[in-house]
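In what follows, chain A forms one complex with chain B and a second complex with chain C.
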Partner chain A sequence: MTSHVKIRLASERVNHSVPTNRELPRFYTPGEVVTGMEDFMRGHGTYASDDCLKASVAGVMQKVNKLICVRPLKNRYVGEIGDVVVGRVLEVQQRRWKVETNSRLDSVLQLSSVNLPGGELRRRSAEDEQMMRKHLQEGDLISAEVQSVFSDGSLSLHTRSLKYGKLSQGILMKVFPSLIKRRKNHFHNLPCGISVIIGNNGYIWISPPEQNNLVEEEKDEIVNVEVQCISRSDRETMARVRNCIAALVASKMLLDDTSIMFAYEESLKYDNVKELLDPEAMLDVAFLTQHRINNVLEE
Partner chain B sequence: MSSDFNVKRPGLELLSSQGLRLDGRRPNELRRIQCKLGVFTQPDGSAYIEQGNTKVLAAVYGPHQAAKSKSLQDSVVINCQYSMATFSTGERKKRPRGGRKSEAISMQLTQAITTAIKKELYPRSQIDVYLEVLQADGGAYSASVNAATLALIDAGIPMKAYLCSCTASIAWKDGKPEPLVDVSHVEESAGGSVLTVSSLPSINSVAWVDMSQRLHADYLSVVMKRAMQGCRDIEVILDKAVREHLGESWTMSDDAVAI
Partner chain C sequence: MAGLLLSPTEKVFIVHGVQDDHRSDGRTNIDYRPMELETNVVSHATGSSRLRLANTDILVGVKTEIDVPTPEKPDLGKIEFYVDCSANAAPQFEGRGGEQLAIGIAKLMQAAYHSSDAFDLKQLCIFEGKQCWKIYVDILILECGGNLCDAVSMAVKAALFNTKLPSVKAALMDGGNIDLQLSDDPYDAKSLDIGTAPLLVTLCKIGDKCVVDPSAEEESCSVISVVVGVTGNPSSYSTEENVSDSAKESKFTTIEMVGSGSVAPKTLKDAMNQGMVAAKLLDKALGEALLRERQETQVKTKKHSYGFLR
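Here is the complex of A and B:
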């Protein structure tokens, strides 16, 4: 078997930054004095010492009235109520699942906050507790919404809607959470026939279009979505979407349905999906996408 | 008194008659430092630093949920792992990760890093710092601390200030002591004791100090001063690197403009 291997010199490394016409904000670095204390409130990324407010992370300052925060370029996901997240089940415990969501503590999914077959108002019996592993197993991927945030910052999730729940076939991508643009809707069916879930926690789920809605019909049993055969063209499109997202991430561009779709359209000039893994092609796609976004913004 | 204490004066020939060191530096000059943040995509933060020929890679994972046995109710657990590559020194040698020497250095690194991080912000969490020395040419510990600082900043972990580390040693010129900053491997092995200082220069506090051999108390203050000056110089370099990195990566964020 022969394969195509490309080894490039370190000096030929591609710089992925896409030029924008924006001016760079003022950066603060750890230990730097942000302001004399007086009448400001200490927010995230700052601390008070010697009557000054100092930055504790490297990033930009954000001021809301008297509250001063310094936001770093990247950090772990900090959950907010109502966020859509994608996570992986780590553990099945008493009446709850532990879910890894890229936040700094593991999240919890209570048995009482999932939709079990038999309607909303069903009581959770001991049997249900024993059936938990049938419903969600260790290693399963789920999409969920943040229900509440505990005092220590860990999240409580819920899947009380048909759009949330177990994810079966698709690609998971992990990017850093600050690249995700907050939107009303994080579930998208792209025009290219692929559905993506852009989790606020930086996990992106790319899945083939749903062929038929199994969920609606089999309400009486615990739903186990059957493994279906995905056509080659669908898989190629999914791979292309994934590579487009990777290109946008390499250039640190914000992700939402528009930017992904623009990148997808720009990438169509590369026939072979794997060409998109070339740094030059990635930069090209990101550059063209940025250009289109700028055009849209100007209009 | 000091003259008969130092019967054998180590490092006698470390300075040339012009007052230059073996590699051509002046006594107060650092080696060239080159660094880069965000070298990996998988960890939360990563950095690479070259101090002369000493090269270190650092990767930071976390803060994430700590293992139940280790977890602390009111602060974060810092877990450091220091290792040297087989090819990092002149002789090729297998260095087991859990070896006694690297274990000891891991402990020292953990202590130094713990002083700089704002631990109380992340209860029940853990931060893992992995350091790999690719080439050791003196001051591997110092370079590791500096690399860890950069990686922690890249991961967005709150710190009180930059944690910088620098070594210093002593040499004699015309019978007078002359402290040397940022000691290279040749100077290290030529004798004299090496003082390693990790400090937070911008808040004037020392995180960790180590001395490899005995040094006369009379000289301690000058050597210490030189090492602290080295730390301050390094802080400037690290700060510049961080700002450059932010400038390159900050192409996004429309809310950053809205301020």
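Here is the complex of A and C:
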């Protein structure tokens, strides 16, 4: 049985880095000389001074022909059309919602780019405008897709599909967007019976499986689903998935359904979910997961 | 404490979890998140510590000064708390934004340390009625991830444990004035007796139950929390065994409600019992960690400071 309180000393700090078999790229710090000026082009994350290109952010260098960029490790989400994002409604405005999506500027969800209750497409009337807060209010979490990117980099979202929309009960995790692996599908029903939305913006939504059946039909039914109690076993599995993701993030490993599932399976040797909060257990899970990923890659 | 937006359904999930004694990260209602502690991190302070509890980051520096005791209490020293919320912790702390919160925490600490059962101010007396030590405890909140009070009180206790007052070599009486000569030798110093120093435990009322160590999300689900200050057990902080039984017994030194809600008498009683249990566990773990660190410092002659690199 683990104790209720654990205090470790700074000297006992766990190094979360996990060895990989790939060669690690060179890491640049701000102000460091990347290259000389001669026929190179200055890209994002660099600046020119004293006839040299220097890094303006901490990250790794990327070279496309003559263009040199430094990609930061920690950054805000830079949206691309078609990305799946998880966001939180901040404000209800005229015909649109302001949504926080971990990008530099708040995103916009237009009233015209949501599916209104009732199904079929129709013109948005003045009543719809007045009912906007009934549909989504401040604080609500939504999953959405990036419809377009404005010239200032802010995003316009849409939820015009049954898989997008308001999220009900679950856990939201915030990780670095650079750790999310881009996949064809970001909605996963894990074999352990939990559904996960891995938003490209670094927001991960963990929810019990019933939530996917939530089709906007009868308003009463939806309210019912929203306050239903989640069973203890589902709750434990969700907490375990959450702690596994935290372990992978601490070791800076890429997140997708495979790595999360591998981590989940490796974590099963710890009976108690809260043991996974311990840095040693986190490192162990991340290490075993990396090992399995390496094995899969070799085959 | 910082405003955080949550959707109603997320709140339902958290409340049900607390009811079930199984929180979002698998902890039960009396579990703390893992903490990391280091003392002696600020070289120019008399004592210092840094405590990191999940995402809450607290840096405490202790400075000492010679002062004149108040006429009503000529044999007592002084201790003062000052809290500063860094704007790095939360955007709303910028400017004077964090002032209310800072004053609140400082007052709580002052109240918790006020009792002579909690912290004996007599040990700060140098020359009765004339001179005493005044301890300034500066608390810097660097990051805010919920449960500030508990983290602050633990960091303060660790910093006071680390504090060493220089011994007085000679005192020159010159009329009514006293001129003190302090020892220059850094090893010729006495540690403070902080075994009974209180720890604060925040009990966040969520639904009908209370949880310790709430995360920022859990804090925004509760309308009221009870903060109790409980004295420590000196036997956890020294290797010697001669501690009187009355000192070993934990006592409440302050009880405060934070928030706009109300608590039923039964819930309050349960919360206080839970707080007492949690405080004992915390105190024991803190004592063990501090003694372990002291032992480590003695083994290695030159201690390498880890500080903020992670």
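Note that the second predicted complex is superposed on the first by the 264 of 299 C-alpha atoms of A that agree within 3 Å, B and C clash if a C-alpha of one lies under 4 Å from a C-alpha of the other, contacts with A are read in each partner's own complex, and residues count from 1 in each chain.
The rule is simple: contacts are C-beta pairs under 8 Å (C-beta built on N, C-alpha and C of every residue); 3 or more make two chains touch, one makes a residue touch a chain.
Values in this document were obtained by computation on a predicted structure and should not be read as measured data.
Trainee: Determine, under the contact definition given at the top, whether A:R242 touches first (chain B), second (chain C), both, or neither.
Mentor: The answer is second: A:R242 touches chain C but not chain B.
Trainee: In the overlay, answer first, second, both or neither for which of chain B and chain C A:M61 touches.
Mentor: The answer is first: A:M61 touches chain B but not chain C.
Trainee: Now for A:A126: first (chain B), second (chain C), both, or neither, which partner does it touch?
Mentor: In the superposed model, A:A126 contacts neither chain B nor chain C.
Trainee: What residues of chain A sit close enough to touch chain C in their complex?
Mentor: So the residues of chain A touching chain C come out as 3-11, 13, 88, 90, 138-141, 167-172, 226-227, 229-230, 232, 235-236, 238-240, 242-243, 246, 272-274, 276-279.
Trainee: If we count contacts the way the header does, which residues on chain C are in touch with chain A in the complex?
Mentor: It is residues 5-10, 12-13, 16-17, 20, 22-28, 30-38, 50, 278, 281-282, 284-286, 288-289, 292-293, 296, 306-307, 310 of chain C that touch chain A.
Trainee: Spell out the part of chain B that touches chain A in their complex, as residue ranges.
Mentor: The contact residues of chain B facing chain A are 44-45, 62-65, 118, 122-125, 153-162, 200, 202-203, 239, 242-243, 246-257, 259.
Trainee: If we count contacts the way the header does, which residues on chain A are in touch with chain B in the complex?
Mentor: 17-20, 22-25, 27, 29-32, 45, 47, 49, 54, 56-63, 71-76, 104-106, 152, 178-179, 251-254
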